[in-house]
Amino acid sequence: MQVNEIKEFRPKIVAFCCNWCSYAGADLAGTNRLNYPSDVKIIRVPCSCRVNPMFILRAFQRGADGVIICGCHPGDCHYTSGNYYARRRMTLLFSMLDYLGIEKERTRVEWVSAAEGAKFAATMNDFVETITKLGENKRLEDLRCKE
Amino acid sequence: MQKIGVFVCWCGSNIAATVDVSAVSEALSHEPGVVYATNYQYMCSEAGQNTIKDAIKKYGLTGIVICSCSPRMHEATFRKTAAAAGLNPYMVEIANIREQCSWIHKDMATATEKAIILGKAAIAKVHLNAPLTASQSPVVKRALVIGGGIAGIQTALDIADAGFEVDIVEKSPTIGGKMSQLDKTFPTLDCAACILTPKMVDVAQHEKIKIYSYSEVEAVKGFVGNFEVTIRKKARYVNENVCTGCGLCTEKCPQKNVPNEFNLGMDKRRAIYIPFAQAVPKVATIDANYCMKLKTGKCGLCEKICTAGAIDYSQKDQLIEQKYGAIVVATGFNPIKLDNFEEYSYSQSPDVVTSLEFERITNAAGPTSGQLLRPSDGKHPHTIVFVQCVGSRDTSGCGKPYCSKICCMYTAKHAMLTREKYPDTDVYVFYIDVRTPGKNFDEFYRRAAEEYGVHYIKGMVGKVAPKADGKLMVQASDLISNEQLHIDADMVVLATAIEPDKSARPLATMLTASMDTNDFFTEAHPKLRPVESPTAGIFLSGTCQGPKDIPETVSQAGAAAAKVIGLLAKDTLTANPCVAHSDEMMCNGCSSCEKVCPYGAITYVDKEFRMPDRTVAIRRVAVVNEAVCQGCGACTVACPSGAMDLKGFSNSQIMAEVDAICK
Amino acid sequence: MQRIMAEKAKELLQNGTVNRVLGWKKGEFVYDITPAVFNNTEEIDAEFVYDDFCANNLSKYLIKESRKEGKVLVFLKPCDTYSFNQLLKEHRIWRDHVYAVGIPCDGKIDLDCLKKQDIQGIVGIETQNDNFIIHTLYGDHTIAKEDALAERCLNCKSKKHVIYDELIGRDGEVLDSHRFDMVEKIEAMTPDERFAFWRGEFSRCIRCNACRNVCPACSCENCVFDNPKSGIANKAAADSFEENMFHIIRAFHVAGRCTDCGECSRVCPQNIPLHLLNRKFIKDINEFYGTYQAGEDTESRAPLNIYNTEDVEPSIVYKKGGNH
Amino acid sequence: MDNKEKQKERILRVSGVNVLKCMKCGKCSGTCPSYDEMDYHPHQFVYMVEKGEIEPLLKSKSIYKCLSCFACVERCPRGVEPAKIVEAIRLEVIRKQGENHLKPNQIPQLLDEDLPQQAIVSAFRKYSK
């Protein structure tokens, strides 16, 4: 029997990226071979406005330690207005999570254009670092979903 | 349960060097539903694609997952591959293990681990994929251009030249728009009429163009490729097909006291009139507000003298229904009302005029036959003050917050022409900034100052007051010499801000096309799709989209025409099948989705439902027009009940991906 | 007031303006009031009641009632008119099937306040200046209004009727309430304190769904929590996550639509201050996007269905919002 | 923050004016009826406050020449409100001990019979604490 096995904490991070800007920015980060931790897994959505607060809560429930939403810069949305709606929804949701005492750093919105591969990588590095410092998500997790 | 095939690509060494591809295909082969998993050097090659096709047939695959490069690269390729093997192309999911895995990680163990998770997420998603079929809709090969100014004229000519039918709807009795009122055009000083009127004639004679003059759009239904438009053809009391445009009636009509809108009310016309000599169509129109026959039943002179027998006092408004594949908005602009700018005494002195009025005063066909004369006493003015930015760049609420863009140049033109024709005239131009980007624009402005001796003064006019001697006292600041100037002027010309025509707002509502807070139409993308409205099938031409000069308007008009031609050249439109869909059993009818849809793709209908208790209930439910929806998904989150979902990116699909990643 | 309203109801029934009346009737005891539909004058005479216990917001019932044949008369307190308007805006109520009569309200009793004062066996109530006289089997109690009124009434946002066909009594004004004070207090706590506070509250949730069932904004044909396809359906909150999730999602779904009528907190059998979630959204919306009162009109766009290109970035949450 | 900046900060706070909104068109000075009496003009007030050059304005006679007619406020296309800046500078001076620009005993010799009562009251408000 093993006791006191100290495992290095590896955060689970879900990144929602809009198809037109941020997902392309993530691709560009890859094309330019810019490293960021493998803890970040990207889910492609057509637009940041497709991200339902339920998805974010679902991710936390299933054990995510951080959720980041990336979209086109305000004014550059492929659908003209999607990211403006996303901005309002996420602002209110994040404010509510903070109000409930859930660490506000666990959620983030970042605008990344298709040309900003470097920004994408830098953002992910920074986000992973923040979440690693915060440690495991305990305040918004579903114990039944833990192994 | 789906039967899923997994295909892991090496991409040569691009993936295989950092991801253990066989470990990935091995791990994924144990996922539920996976019946086949393999890896290959180049999946996108013909041999690779054949592997996929063979596996689809051999294992009867219902879904496939390709672990390869970004879907932005080869999603379309693999969809075609699937379709070729008889699998619905939307049963393909790509796990991006190159750009988002092998290329960013150095350690093989972590990269392989991540590739497996990305593969699992794609498998989880494809489990919930459903075959999607893109809807097809036919395209009506006819375009509608709303507005017959230079923007509408150019767009119509370009579309018609490509062989498509075009209708122009113009609310006034003639096409030509604002450009027909101009005298000269900057920076080349061509005569506006000389370059515009031939184009108007081209329009009239073009066999593919039909002009609905003195008409307005009454209602718009339908969507891209299939608009149904109702046009109200207002009664002009003259049979257009019979009238020869001889103009006899316009000379004999006894009602002589009608303000002439073509000359901005600075002279009079008759109750029956042709706006100007080169009007198209050249037919007379009776102004029902002034015609004595129509008002009192007495007169009827025009009918008596018309040799063609074109007068018809019994004419009624006519409603015309027509179908169009595309609609171009070219509703243009107007100078703003100056009610909020009393300091310039526009309403108190006839010698304070707007630039458009000045344009008419200097025009040979204008009220003074081209002589520069003061409206008040008909004398030649010796000192003229031009004031720039009247109502433009104004955030106080009195004017418009934007720069009207054309004023710097036309003021330079007016100042220059005045000095050229009347060298004894002192001309002052008060400016905040002189903005002259454009080919040969700055040279033009500098010529006005350097060669023609126009006094350009950096500062603003604070007050214009009529004096007892008939002059105008102009009080202004000169910011460079830091003094306040008092000029006794004979005339003051206000470079009045321009605003979109008032008809644009209700039109935008009919078209479900979006507008900004200034009532300019918004474009589908400010940089990449500047001549299209976000609403599919609606295109923008000219100043309805933002302030523009003539060369810019004409180039935008041509661009809009090219877009229309591209649309009308298609026989059918294939819609993106990844569109929103409303579950009407769950829809509340609350209109939240309708409000956030940038394309006006959602409408509401009252529908009968059979309830479990065998009664029939009428409920208001959302209906998505699949031809118009672009699939952004804004509505899916706005919907409180979750009735609205997005095909291809459904709630359950995205959640399945989340689950797989967080496992 | 009860008499005037009953007369009005009977008059409108008799002259055929309406064929039903939506109002309140007594339950087993004088204080357990239930909403009820009265079909004729006899029923009105027998059971119709309006007093300081009649707290229920009747507007939600109109979703179903207005879909029936004929016109229904409804009595709306000022705060109920906001819910009514909001439901009209969302096309949930058929306006031409409703005859809305605005009635004045001086605040309603919170039964828990009476319980805390150990007032039992209540048989009646009267208002006397700033006090309530509670008649009980054991004699009369005098209790100051501020000690007996519900929190939402003490912090009443408006005495104005924003919509009605007819008004009984005089219309009031929109008030300057202190309804965000408690939200501010929570915001000023540390995240740990906030977490502890809300865990303490949510852990009591028994998922009875009373809050959802009473809420006028929660009127979906099919609630996401009942819809297996939504991915978040659940019937009972099995652990702390689900307790959190239910309330976050519910508050988010009504954000920008909630009129702050306070029914959720009134009906919660566990006394969870649910209105503090809704008020947080309202307060944020007011601060970030300009003051907005849901239900104030039927034309304006809900704050989540509109945007401004100059809106604040979500990162504002890191900058403000409580201690750290 | 040095003294100069503090002073600017105070002027901005007292006036409530955002000087950065100014687009330097000069309409305020074009409209000012007291322009010729002033050593510093309305547009200069806005610009100098923006630069933090408050000292010269405090010594300027312009602050007493301003009629508070608010023509500049009314006509500014950007809503900058120069007169409120002038007012704030004036307050900065007269709020200092003994800096009243006008004292009651100076009034009689300034009066003439055409002077409206309102102007006298207004002068007291403007020129003294």
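For clarity, chains are labelled A, B, C and D in written order, and residue numbers in each chain start from 1.
The working rule: a residue touches a chain if its C-beta (ideal position, glycine included) is under 8 Å from a C-beta of that chain, and two chains touch if they have at least 3 such contacts.
Here the structure is a predicted model, which means the values were calculated and not measured.
In terms of the distance between Cα centroids, chain C is separated most widely from D. Chain pairs B-D and B-C differ in how many C-beta pairs they share in contact, with the greater number at B-D. With centres taken as mean Cα positions, chain D sits 47 Å from chain B.
Chain centres here are Cα averages; for chain B and chain C they lie 45 Å apart. Taking each chain's centre as the average of its CA atoms, chain A and chain B sit 36 Å apart.
For chain A, the set of residues touching two or more other chains reads 53-54, 58, 75, 81, 85, 89. Within chain C, the positions touching two or more other chains are listed as 224, 230-231, 304-305. Under the stated contact rule, the graph of chain-to-chain touches falls outside the line, ring, star and complete shapes.
Every pair of chains meeting the contact definition is listed here: A-B, A-C, B-C, B-D. Touching chain C in their complex are the following residues of chain B: 585-592, 595-596, 604, 617-620, 638, 640-643, 651-652, 655. Partner chain D is touched in their complex by these residues of chain B: 343, 389, 393-399, 430, 432, 458-463, 475-479, 482, 484. Of all the residues in chain C, the ones that touch chain A in their complex are 183, 186-187, 189, 191-199, 224, 230-232, 238-242, 244-245, 248-249, 251-252, 255, 277, 280-281, 284-285, 288-289, 303-305, 307-309, 311-318, 321-322.
Within the complex formed with chain A, the residues of chain B that make contact are 70-72, 96, 98-101, 103-106, 110-111, 113-114, 117-118, 121, 514, 522, 524-526, 534, 578, 596, 598, 630-634, 636-638, 646, 649, 651, 654-655, 657-659, 661-663. Partner chain B is touched in their complex by these residues of chain C: 67, 90-92, 217, 219-224, 227, 229-231, 253-254, 257, 301-302, 304-306.
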